[in-house]
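Just passing along the structure, written as structure tokens.
Each chain carries a letter (A, B, C and D) given by its place in the written order, and its residues are counted from 1.
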Amino acid sequence: MSTAAAFRQKTITYGLIGFAAVMAIAFIAPSEGYYLNILMHAANYAIAVVGLVIVLGYCGQFALCQAAFLGIGAYCVGLGTGDYGIPFFVALFLGVVITGLVGIFLGLTTLNLNGHYLGMVTIAFQMIVTMVLTNWAGFTHGPDGITKIPRPAGFGGGSTYLGLCLVCLVAVLVFAYVLKASRLGRAMQAVRDNEIAASTCGVDVFFTKTVAFGICAALAGLGGGLFAGAFNYISPDQFSFGESVVLLTMALLGGVESAFGALIGTVLLVVLPEWLRFLRQIYLAVYGGAVIAIMIFMPRGVWGLVSKYLFKTAPIGSAPVKPLPLLSRSATVSDEIVLETIGLAKYFGGLKAVDGVDVKVRKGSVHALIGPNGSGKTTMLNLITGLYVATAGTVKLSGQDITALKPHDRTRLGMCRTFQNIRVFRGLTVLENVIIGAERRGNDVEGIDDVTERALAALDFVGLRDRAHLPVGDLPYGHQRYVEIARALAGSPEILLLDEPAAGLNSTEKTEMAELLQRLKGHGTTIFIIDHDMRLIEQVADHITVLNFGRRIADDDPRSVFTHPEVIAAYLGEPRNETA
Amino acid sequence: MRFSSRFVLALVSALGILAGFSTAASAQETIKVGLIVPMTGPIAEIGLLQTEGAKLGVEKINAAGGVLGKKLELVTEDDQATNPGMVLAFSKLINRGDLVAVVASLRSTQMNAISEDSKKAGLPVFFGGTDPTLTTTGNPWFFRARPSDAYSAKVIADYGVNVLKKKKWAIVHSTDAFGTNGSKALIAALKELGVEPVVVQSINNGQTDLTPVVLAVRQSGADIISSYVAYETDVGLLARQFKQFGVTAPWVGSPSVSTTTARNLAGPALYDTYSVADFAAEANPEAKSFSEEFNKKLGRLADYTSGWPYDSVMLLAAAIKAANSTAPDKIRAALLALKDFRGTEGVYNYDKNGEGLRGYNIVQNKEGKIVFNRTITFDK
Amino acid sequence: MSMLPQLLFTGICIGSIYALVSLGFVLLIRAANIVNFAQGQFSMLGAYFMVILFASLGLNYGLSLFLAVVLMAVFGVLFACVSYWPLRDRNPIAVIISTIGAGILLDNTVLAAYGPSPQVLRGLFEGEGFLVGPIYMDSQYLSIIVVTAVLVSLQYLVFEKTTIGKKIQATSQDREMAAILGIPTALIVMGIFAYSAALGGLAGILIAPILYVSVGISALIGVKAFAANIIGGFGSIPGAIFGGLIIGIVETLGAAYISVPYRDAFAFIILIIVLLVRPQGLFGERISEKA
Amino acid sequence: MKLLEIKGLTARYNAGEVLKGLDLCVEEGEIVALLGSNGAGKSTTLRAISGLMANVSGEIVFNGAPILGLKTAAIARLEIAYVPEGRRLFPGLSVRDNILLGSSNRRGAPATQLKKEVDAMFDFFPDLKALEHAYAWTLSGGQMQMVAVARGLMAKPKLLLLDEPSLGLGPKIVQQVFKIIAEIRQRGTTVLLVEQNASVALAVADRAYVLDAGVLLVSGTPNELWGNKQVRAAYLGGLAASA
């Protein structure tokens, strides 16, 4: 059975268990009063907190305005059903759509900011929403809030409405669970773990973040809409900045890596202050102290702590997979030019890191770029892959001018790379890392089963198949390099760019790396490699370009390059005056 | 999906025990009254005074042997000064199932929040929120223990126009339910007297500076100021800045202008201001004796924040005695039947909407001391 | 029209407070790379120390002021030890959240310990204020402007003219390199926490006679100071000062000429505009991409 | 007399071992060069000496006392100055302040004395005099390197650790920097120099060690090393060595 099928089966099982649990809870829950309120409160908040898990846990973006989204959703239902006579479910749907759109809009305007700035803009948004809800009394009913919000027909009773909330919650949990293992979910996690690597794996970082924000907001809208129906009453102070902090704390306490964490965190924080009420005046103080303690002692939240002991990922089946298609091709070096740079330059202020370099890479060749430290090699690679915007010059891939393209668009055209300072997605397993490479747009496989098979084939090729299920961070340094290479190879690249693949490897590992590169040769895949280890370069390179001070000083076959006096001078300095 | 109430009860008590609230076995020996006050949050100060007022009432009843041979007992919950906090606190109290009545909040917006729940709960709920609309929603269980702002506005307008003879009115109000509705009522009351305010300014609760508001009032040339400002810190700030910018027009404000806290904060800046006060120590003998006891016990002056919970407890005790029962519907009937009940806030005659008081006192701040000026009452 | 000078004066005063709190904020960002969401609570706590020392214990005003500031400095170190030090090597978001927790803890501890009543604290001078032309100068507003100006100049002198100031700057610019040169960086970071807390506390003491002393002032001041900082440029000292003044003036004028209830929105609208048009802030320092 | 002695030094980052049992020593008054290609472990050696590496084992003895495990600032106070790769100037401080802060390890040195010493630095690096009040980030690479060296010298170090002083500098500036390094030794300061550019390093060094993948490949005097095939191979591979 394929992993994907197993995942589907697992999802269906969990989903059914969830729905059964919901039925049970709704059946035994009291139909009125305090405990019902607590349960509904927890269920609706949990939906919003799952949204935070997606934006913060999956996608790594910090948002402090979840209560504002919750409020917008709640007011859509409150105002829609009351003032405009829209049926409940239509109003709820409208609420989800509107919050989703607001989330996307906020994302579009602010997501090219990051970290503290994004946090601040979301706070500002939160404050403005609160102010509008309070002060635009003609529309929002002002600080009094909206009373007598109806529940939909057939869901008027406490238990039935709780059942509805819980069904939505389970659906959202299943959605989040499926999302995490989907292409989009993996893209989000890739963005979280390493934006640069994500973009060179073909992930549109900006789009992914915006979608994550939209989903996050839409879920808060759903939770808010249900909340309005649950309590029949909403007012602006229920959706204040303080509540955003509470929602964030719920996500963090439970653990942001998983939707189940959201559920645990929400239940704990809804119930905990209620239990802590015996502390009277100081219970909120205890709550504040608890937040600090969680950050210090439980960085991955309750779920992180639990899942660490409960779950061990099972090894992936070892059934044979189709080898990488690129290996079955055979081709010699042709005269066709795959990659060409013309007068490529990059200046940082006054520093000319790359200064008008021409390179022509022939199809099927292994082309090396060497030069002393600081000669501009990595800058060159960043220009080719689009991580830097060129100051001048042109980059062409298979004759097409790609100078203006974003990194992920270049990847779509078949440009895959590795990094000198390894950039793997640390929160993901080895297999998931490679799958992200395999599912780049423009690759010749589609569908999770085929993509997984391709990823396993790539891992087979680099000899890490038996480690596929491990978190990538558990692998030794050398193996992480191979994961990066497998990730790039799984995308069946037109051209593979390797940035110092041998850096940090010991001599045995270096020999293995050389062998791996030898095995890749002669199948029509073009390789563009930077490295300092000349023994590696001279084993694999068909052609070498040498840079010094950002300029090309040699461009020839290996033997000629290594005996080129200017090259020797660049590395070893001018020959000593022997008579001295 | 309906379940037998026994099953629900079993589950509730199971959960209750889990949650650490085992309902004590001594439940039968006292008559329990719920009390919801802000114990945390920005107006926890008021919660403290409210609790003390209610406690004094309970102590007085119990000292006289209780009601129907049983002592009264208060069960207090924190509403955190927020609406959701109020909803939770109320449902938590109702869930106990052993209360005969609840003394709730003096914030109108919080009463709005629990209006629907209280209909379901079916217990008399005493409250101090003065938003006139609270007694027009047809909730049979709401009993207001203070006069509504419909009367405070009428009294302010009447006193300003007919006694002080002022025609150029400036109104400053908070943007919350209390302030907005109060100012609406005042504008309406002034209109009846043929006066249009020259300036109306609204402020959010908790401000850093009110210079723009004060300057706007000064520029309008108003010869009288009235205010519906909820927070005492805002009143204090407003008072000081009026004084600084030489705005000396007489000020007739809502009760927050004459509270102990406001007078402590603003000091001389509030001297000579008038305010409507549902509670004034000199207004009637009940208020006078309550003030003395309160002062003796706590060493500070009583005001409306403690007066109305005290009245609520006394009203409840009287109703239970009259009904000779603690059944909610009988208490309600007894409350409606009470005639000319003399409380610290005035003379209660409840109508079916739960409106009991129809007048206000005018008091003046004379060098920090509250001096009773007059009581103005209206017929229905 | 005659309102304008008065409004400007008020705006500058309110802005000075934001600037003062923001200044403490910036220092922590620069020296320890932490965004302290409990900065407003520093002000609240400072005011309460003052209430305890001056109003309750009846000490002389100057002595109380001195002791309150010293206590705040000590508190700053304590704060660092609890909510920053254990998390210093982790994701900055962890520290942000921990300071949010510390804020909740502080607000509610004060509420529980010192009671909920707002307290009255007298100003630096006992006089009320006086008229200068069309402007009424409240003595406390005036002292806020003066103290802020003096502190800002003093800080400038210390930072730019003394070796210790340069060591602080060095630590904030490159902590590892500062350690390589033998600068005791951990000590300096703790010192900055102490100074930042003292500064926040002083701001609280200055604003207390105007806003009264209550737990509510934390939120009132903290968020605005943060916004000031971003408008001025994250981590920029002149930015913090001008950002604070800009917010103070804009919100006062906005309240007077546009809408009083939306007063707090003006600061955030400017903030969003600045972030979208000039994300590094008005005074954001541009240090070249590659050294 | 041995000023610095390293025995069996092993160092690792999270990623893996970078140094595997390195032995070396520096005599007082010498210039010793550490050579090798990128990733050989040269800079790691200097970082380990300065107390900047978390996972190290082995022995580092300075002036007769073990220093492994001391905090970075404490090591600086033992009069070891480290001029790291990439210069690491404080970008928002002036050139003068950057240089002045080099003396941070000398606690108790009077301010007037330090001011005189900074002035003396400007005499030693006359090109910097005009830039005295410029922010460090506005400088060119060569100027930055001068400031970094001057800052290192302000520590009055017994041992100066220089990491890749030629990195990113043009040939003429490299010559200038190395002339200064030679002069520094004339003034009695011991220098341990990490350098990729073998020829310029060998031109000033008394002895050199060549590292390869974290182990010592060969060591000796410049004359012994120059033209050594192993050295050439370490830099340029077998093809170049056989040429």
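Throughout what follows, a residue touches a chain if its C-beta (ideal position, glycine included) is under 8 Å from a C-beta of that chain, and two chains touch if they have at least 3 such contacts.
What you see is a predicted model, and the numbers here were worked out from it, not measured in a lab.
J.: Tell me which of A-D and C-D has more C-beta pairs in contact.
T.: Top pair by contacting C-beta pairs is A-D.
J.: In whole angstrom, how far does the Cα centroid of chain A sit from the Cα centroid of chain D?
T.: 40
J.: With centres defined as the mean C-alpha position, give me the chain B-chain D separation in Å.
T.: Comparing mean C-alpha positions, chain D is 77 Å from chain B.
J.: Could you state the distance in Å from the CA-based centre of chain C to that of chain D?
T.: Taking the mean C-alpha position of each chain, the two centres sit 42 Å apart.
J.: When the centre of a chain is set as the mean of its C-alpha atoms, what distance in Å lies between chain A and chain B?
T.: 54
J.: Could you pull out the residues of chain A that touch at least 2 other chains?
T.: Residues 134-135, 280-281, 283-284, 351 of chain A touch two or more partner chains.
J.: Could you say which residues in chain B touch two or more other chains, in rising order?
T.: Within chain B, the residues that touch at least two other chains are 40, 44, 175, 204.
J.: What positions in chain C touch 2 or more of the other chains?
T.: 108, 111, 261, 264, 288
J.: For each chain, which other chains does it touch, given as pairs?
T.: A-B, A-C, A-D, B-C, C-D
J.: Write out the stretch or stretches of chain D touching chain A in their complex.
T.: Touch list, chain D to chain A: 13-18, 37-39, 140-141, 164, 167-168, 170, 196-203, 213-214, 226, 232-233, 235-240, 243.
J.: Could you please specify the touching residues of chain C with respect to chain D in the complex?
T.: Those residues of chain C that touch chain D are 163, 166-167, 169-170, 173-174, 176-185, 285, 287-288, 291.
J.: For chain A, which residues are in contact with chain C within the complex?
T.: 62, 109-110, 112-113, 115-117, 119-121, 123-125, 127-128, 131, 134-135, 241, 245, 248-249, 252, 280-285, 287-292, 294-296, 299, 348-349, 351, 353
J.: Looking at the complex, which residues from chain A come into contact with chain B?
T.: Its residues touching chain B are 26-35, 37-38, 41, 134-135, 137, 142-145, 147-148, 157, 159-160, 163, 231-233, 235, 237-238, 271, 274-275, 277-278, 280-281, 283-284.
J.: Would you mind writing out the residues of chain A in touch with chain D in their complex?
T.: Listed in rising order, the residues are 350-351, 372-374, 422, 476-478, 480, 500, 502-504, 506-507, 510, 532-535, 537-538, 549, 558-559, 562-563, 567-569, 571-576.
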